[in-house]
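There's a structure below that I have some questions on.
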Amino acid sequence: MTVRQMLEAHPRPAIADLDALVRCIEACGDCAASCTGCADADLGEDDVREMVRCIRLCLDCADVCGATGRIVARQTEPDLGVIRSALETCVVACRASHAECRRHAEHHEHCRVCAEACNRCEQACQDLLAALG
Amino acid sequence: MTVRQMLEAHPRPAIADLDALVRCIEACGDCAASCTGCADADLGEDDVREMVRCIRLCLDCADVCGATGRIVARQTEPDLGVIRSALETCVVACRASHAECRRHAEHHEHCRVCAEACNRCEQACQDLLAALG
Amino acid sequence: MTVRQMLEAHPRPAIADLDALVRCIEACGDCAASCTGCADADLGEDDVREMVRCIRLCLDCADVCGATGRIVARQTEPDLGVIRSALETCVVACRASHAECRRHAEHHEHCRVCAEACNRCEQACQDLLAALG
Amino acid sequence: MTVRQMLEAHPRPAIADLDALVRCIEACGDCAASCTGCADADLGEDDVREMVRCIRLCLDCADVCGATGRIVARQTEPDLGVIRSALETCVVACRASHAECRRHAEHHEHCRVCAEACNRCEQACQDLLAALG
């Protein structure tokens, strides 16, 4: 709710449809938190050796979602080339994390939850890319 | 909701009471996003020269909340000294941002919203510090 | 020097030629620091109103370089699609920041220095992309 | 060298002695990169199960050094309370990472290199705290 309020109070025009923008900023924040938590949960598992790829991809995805969420939150003097490229990288990182988390979803509930967060974030980035035209 | 699900699925014991932990992680994420948005909204205002201190403190606060939210989200092999110190810095950064945003709350709605997010985050960090004992 | 030592001590094979990798990680760190400093110096200038676009693009570039530098520093279980996309976004963000900083290079020395850091980082990312094949 | 050039070109007075400031910003960047690399190298080791605490503390330390380096790089409208608290947290995080990395320094060269980077960063933060008065 804070994200929408902040955007509605912004002095400059939004870079895209407000609903798509809010969903994307919130999904990036949610996915960054999930991936940080999933990497840490993997690290605490007895089968940590099987989870090495998942940890690595979740760390990458958390970094990308964190940066993308900040960039997309900015409405002042936007450079659409930078924004589009950041969103495209976020799609790629979420897809990679999602694919790996899904492989472990049956035996690690945190991977199942994280896979869904990655999937929602990928979709929200795709939708914002479409809304940017 | 994802934050709680991730913590409930974590293989290791939580570092503190789950409610206090969830509130703190979510408040850090919310405050980081608000401060990033507020600094950017300030930058887009006609009176940007009056907003320089607000921009600076919001950038600091976004950085601190981002780091603190990640640290507090980790439950594996915690170092309570690091966690406590991070939470204390987050309290200080939120308080500074809150004080400056409040000064502009009457003429900039985004500062009013951001001041509230900073206040909630300061409180959530204080509560988690208390819960850590 | 630390970056090279860390990579030489890594148990897994490097994702690419070590020289290209070291240069890219160092250039990302340098550019992130320059852009953080340039946005802050702009904010302290009397003509801050003319520097709004420069501040915004430098904040974006600092975020992208920070994330890219972390991703490229990781050698364990790499996903080359994620790495390539991150490097491509870094090229786009550095180019945008470089172009804007250059416009102010004559009257603001920090913009001149920052433009050079952006340019070196763009080049180091391009070189690493080429080395990745 | 870029860090010093950026600070010398800054329109506002530096928050502290320039040498102490430059050393601290550079040490934070170096330590953040080392800790990111060390966590990743640990993850690639055959004895990853013994390295879980090292990974976790290095991830925390990288987050804290990243945020602290950005905050200390800013000279415009500083809040010394925020800056001091950030530096104190950085000292605590570096000390924790250093202690754990040292335990593994004999069998993992990357831990030996990382322990030194943590130590230099702790010292540089202490020195800047002293220079701030």
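Order as written gives the chain letters A, B, C and D; numbering starts at 1 within each chain.
One rule holds in what follows: contacts are C-beta pairs under 8 Å (C-beta built on N, C-alpha and C of every residue); 3 or more make two chains touch, one makes a residue touch a chain.
Computed from a predicted structure; not experimentally measured.
*Asks:* If you fit subunit C onto subunit D using only Cα atoms, how far does it have to rotate, to the nearest 5°?
*Replies:* It works out to 180 degrees.
*Asks:* Farthest from subunit A by Cα centre, which chain is it? Let me know.
*Replies:* Centre of mass proxy via C-alpha means gives D as farthest from subunit A.
*Asks:* Using Cα averages as centroids, what's the distance between subunit A and subunit C in whole Å?
*Replies:* That gives a centre separation of 21 Å.
*Asks:* Would you kindly tell me how far, in whole Å, the mean C-alpha position of subunit C lies from that of subunit B?
*Replies:* From the centre of subunit B to the centre of subunit C is 27 Å.
*Asks:* Taking each residue of subunit B in turn, which ones touch at least two of the other chains?
*Replies:* Each of 40, 43-44, 52, 56, 59, 66, 70, 74, 76-77 in subunit B touches at least two other chains.
*Asks:* Mind pulling up the subunit A residues that touch subunit B in the complex?
*Replies:* These residues of subunit A touch subunit B: 2-3, 5-7, 9-12, 25, 29-30, 32-34, 36-38, 40-41, 43-46, 62, 66, 69-70, 73-77, 108-110, 112-114, 117.
*Asks:* Where on subunit D does subunit A make contact in their complex?
*Replies:* Within the complex, subunit D contacts subunit A at residues 40, 43-44, 48-49, 52, 55-56, 59.
*Asks:* Okay, in this complex, where on subunit C does subunit A touch?
*Replies:* 52-53, 56-57, 59-60, 63-64, 66-67, 70-71, 74, 76-79, 81-82, 85-86, 88-89, 92-93, 96
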